[in-house]
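What follows is a set of notes on a single structure, which appears directly below.
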Amino acid sequence: MITVWNEYRHERRSEQVAKIYPEGMHNLLAQVLKTAGYHVQTATLDEPEHGLTQDVLNKTDVLLWWGHTAHNEVSDEVVERVCQRVLQGMGLVVLHSGHFSKPFKKLMGTTCNLKWRGAGEKERLWVVEPSHPITRGIPEYFELPQEEMYGERFDIPKPDEVVFISWFPGGEVFRSGCTFTRGLGKIFYFAPGHETYPTYHDPIVQKVIVNAVAWAEPSGGPAPTFGNFQPLEAGLTK
Amino acid sequence: MITVWNEYRHERRSEQVAKIYPEGMHNLLAQVLKTAGYHVQTATLDEPEHGLTQDVLNKTDVLLWWGHTAHNEVSDEVVERVCQRVLQGMGLVVLHSGHFSKPFKKLMGTTCNLKWRGAGEKERLWVVEPSHPITRGIPEYFELPQEEMYGERFDIPKPDEVVFISWFPGGEVFRSGCTFTRGLGKIFYFAPGHETYPTYHDPIVQKVIVNAVAWAEPSGGPAPTFGNFQPLEAGLTK
Amino acid sequence: MITVWNEYRHERRSEQVAKIYPEGMHNLLAQVLKTAGYHVQTATLDEPEHGLTQDVLNKTDVLLWWGHTAHNEVSDEVVERVCQRVLQGMGLVVLHSGHFSKPFKKLMGTTCNLKWRGAGEKERLWVVEPSHPITRGIPEYFELPQEEMYGERFDIPKPDEVVFISWFPGGEVFRSGCTFTRGLGKIFYFAPGHETYPTYHDPIVQKVIVNAVAWAEPSGGPAPTFGNFQPLEAGLTK
Amino acid sequence: MITVWNEYRHERRSEQVAKIYPEGMHNLLAQVLKTAGYHVQTATLDEPEHGLTQDVLNKTDVLLWWGHTAHNEVSDEVVERVCQRVLQGMGLVVLHSGHFSKPFKKLMGTTCNLKWRGAGEKERLWVVEPSHPITRGIPEYFELPQEEMYGERFDIPKPDEVVFISWFPGGEVFRSGCTFTRGLGKIFYFAPGHETYPTYHDPIVQKVIVNAVAWAEPSGGPAPTFGNFQPLEAGLTK
């Protein structure tokens, strides 16, 4: 099961955003993922427990996260729950302004700060790691005619893989597609997606997100045991 | 298509090895991969062009490589061909003494040297990166009752991921499951598999190899263009 | 300035530990670092603000951290202060049971859990990354006759570098020397150092710690600016 | 001892280049490094053994390499010698078009290909890893008014660290400062330095190179032993 989480405030408060995402970004992304063959559900900030009960999370293989204006309204209890599930193997795809979300910052251990500018500039994303499955079917570079500029220094730990680097006409660069692992969970941060531009309608962006979900699914690897441990080699430890 | 390459000398020259792998390691591994649903072919050193014609390699998604006593008999032309295909996206699973094979050394750029001891000791492999798909269905640790000891320092570039670390009773450790990327190709080195022990009959070892093949399949990412490149932003470059 | 922080409880409560470290581990380590030419101060849990006032931290280039029984007594305010200073460039050397300290867990974003056994077993540490400056003057492997076993899976993010891997006679392995970066700060985790064994009297262990402090010193790199950013290329962003 | 190696052809054949580097790039860089306190010697392609005898290399702590038009004239024997010394711990700083030099390609195991354009465009280099000592004293970004464009995809193995990413007005990005380790040796690739622009006169570029040399110096770590190895734990291996 894939769960698309959205703050879902802009779409209800701004006519401009509502025109682009009349049913909310989450429903658009859910539709994209359903078309790709996934079972998908959505959850939003203003639902009880933000729609992320323990039961919902337990059944979630990959969680997508879009948040922007209300990071601080996300309860610490739900954040803890999300992070624990990531450590247990749930995939996490963090979108755009989700770089400042509580779960992402907690899992990274850094400020996750960056430069930004809301000027509707072109963003060009270059594939720098074409061996990565997230680049399946993606051209060598692709462009979004209007996006928010996100620029380096992006204060994240060294990513496991930098899949995309973005170019902006104002003179900035950005590691716009980065993978991380935390516990058994795989995390993909993908920068595009400002609410006032139709980024998630872009078919290449959609393909990146579908690929990211496939990549982030639980590995099926062993849940480690921790704590006091008896020697496996009896008699060797005297 | 998966191609299992084997030097196929020990099995024909040593009764001890022939008892363990009467049809050669390659045919056992091919059978394991067929059972897992793959199309599989085999190739061996003493075939013309070592069985690795350009056509065979072009159709190969993942190549498995086992060699030991005759690394130097592998022609440089075939080695170059294999390496080029890896850079183009073919996966490569290098087994045991293949650490000293020409393709692996060429792709690593280091000596790939290590410590070794042929004393039939127990090897215990610990999963250290359970988020990795190669660990799907693998227990937290597993043991091979008899293996050749391979010990650190293993002279390889920093792996992308260290998936397994081995323990040996004589006092050594070894990064026994390591991933790398070169060009568009994914490479997995897996240490167990000395010819005088029935390692490739072990169901967990078989599962690791099946998982590794799935992981190493071509990403489907974009083949980059290189060379002289016209500006994408006309008029910006004065 | 180097600051050695110690919980300093075992040494005052246990005769066994007091015999090994009559003036506390912190004073022994401070002496080692002074001999190596550093300016060193110490700080302990039971001092006001645990001895880690903002002023002390601001002047600290590298902080060493040893804690075990009282992680929860470290105030969140001081933890936050320590983490902020790491992000600003202060080095952090986390010793032994400090894997469970609040600052380390916060900077890692994972549980930092592991296997352990207090049986006074031999620990053998293998250098696996001899290109790293922390290995200067260290032999290929070295042994501690008695240590606490720490075993994999160690639930940390993929380290930047795995410098040491430990072998234990009971059958375990452990990534016992790992580097990380968070913000501008460099972090080294070093596993040996159980309070009931004279580990920090060992000259090789001392050399590792001196090397780690040298490596972890602030890089002198640029403090990034964040937030709303004007285009550097005027006229390009229309 | 630092050895600056230069192809030294452009400076002798092109008036334009000779005006910028009247005594050759190697002598300028040697002067910069001497001023920084290093013992420095130079070597060039047309000297016997390209100036890189075994004795010269044995005494070299860090080798700088600039080559462009005559990569194929470098003898394989000298290339092998250089690579062996890197594996033994000699640092290697590869400059600009040295991305296509034989030693760099051999140590990387990939094509090291890239996009390029000789249009005298501005290059802006962003520090993305300010924790790295190579960024000491370097501003958050710096610009070269005229450089050759080098653009992604840069076909190198995943670098240990991406220290700089470059922006070009034509729409490209490039990982222009990358570190690698091979054996005991540390390698830094630094992209700027086309012969027709006065790049190595730039004080920030000079500082990067001085920092890189300091970083690349031999670690002093242990030279590993390889081959047949007796068990350290007698009696445990039955």
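Odds and ends about this structure:
First chain written, first letter: the chains are A, B, C and D, and each begins at residue 1.
The working rule: a residue touches a chain if its C-beta (ideal position, glycine included) is under 8 Å from a C-beta of that chain, and two chains touch if they have at least 3 such contacts.
In this text, all values refer to a predicted model and were calculated from it rather than measured experimentally.
Considering the contact criterion stated above, the chains in touch with subunit A and with subunit B alike are C, D. For chain pairs B-D and C-D, the one joined by more C-beta pairs in contact is B-D.
Chain centres here are means of the Cα atoms, and by that rule the chain farthest away from subunit B is C. Centres computed as Cα averages put subunit A at a distance of 36 Å from subunit D. Taking each chain's centre as the average of its CA atoms, subunit C and subunit D sit 32 Å apart. Residues of subunit C in contact with two or more other chains: 124, 127, 129-130, 140, 151-153, 158, 160-161, 169, 171-172, 181, 183, 224-225, 232-233, 236.
On the side of subunit D, the complex with subunit C involves touching residues 89, 124, 127, 129-133, 135-141, 160-161, 169, 181, 183-186, 219-225, 232-233, 236. Residues 124, 126-130, 140, 151-154, 158, 161-162, 165-167, 171-173, 175, 233, 236 of subunit C are the ones that touch subunit B when the two sit in their complex. Across the complex, subunit B is touched by residues 83, 87, 106-111, 113-117, 119, 121, 149, 151-153, 155, 157-158, 160, 168-172, 180-183, 224-233, 236-237 of subunit D.
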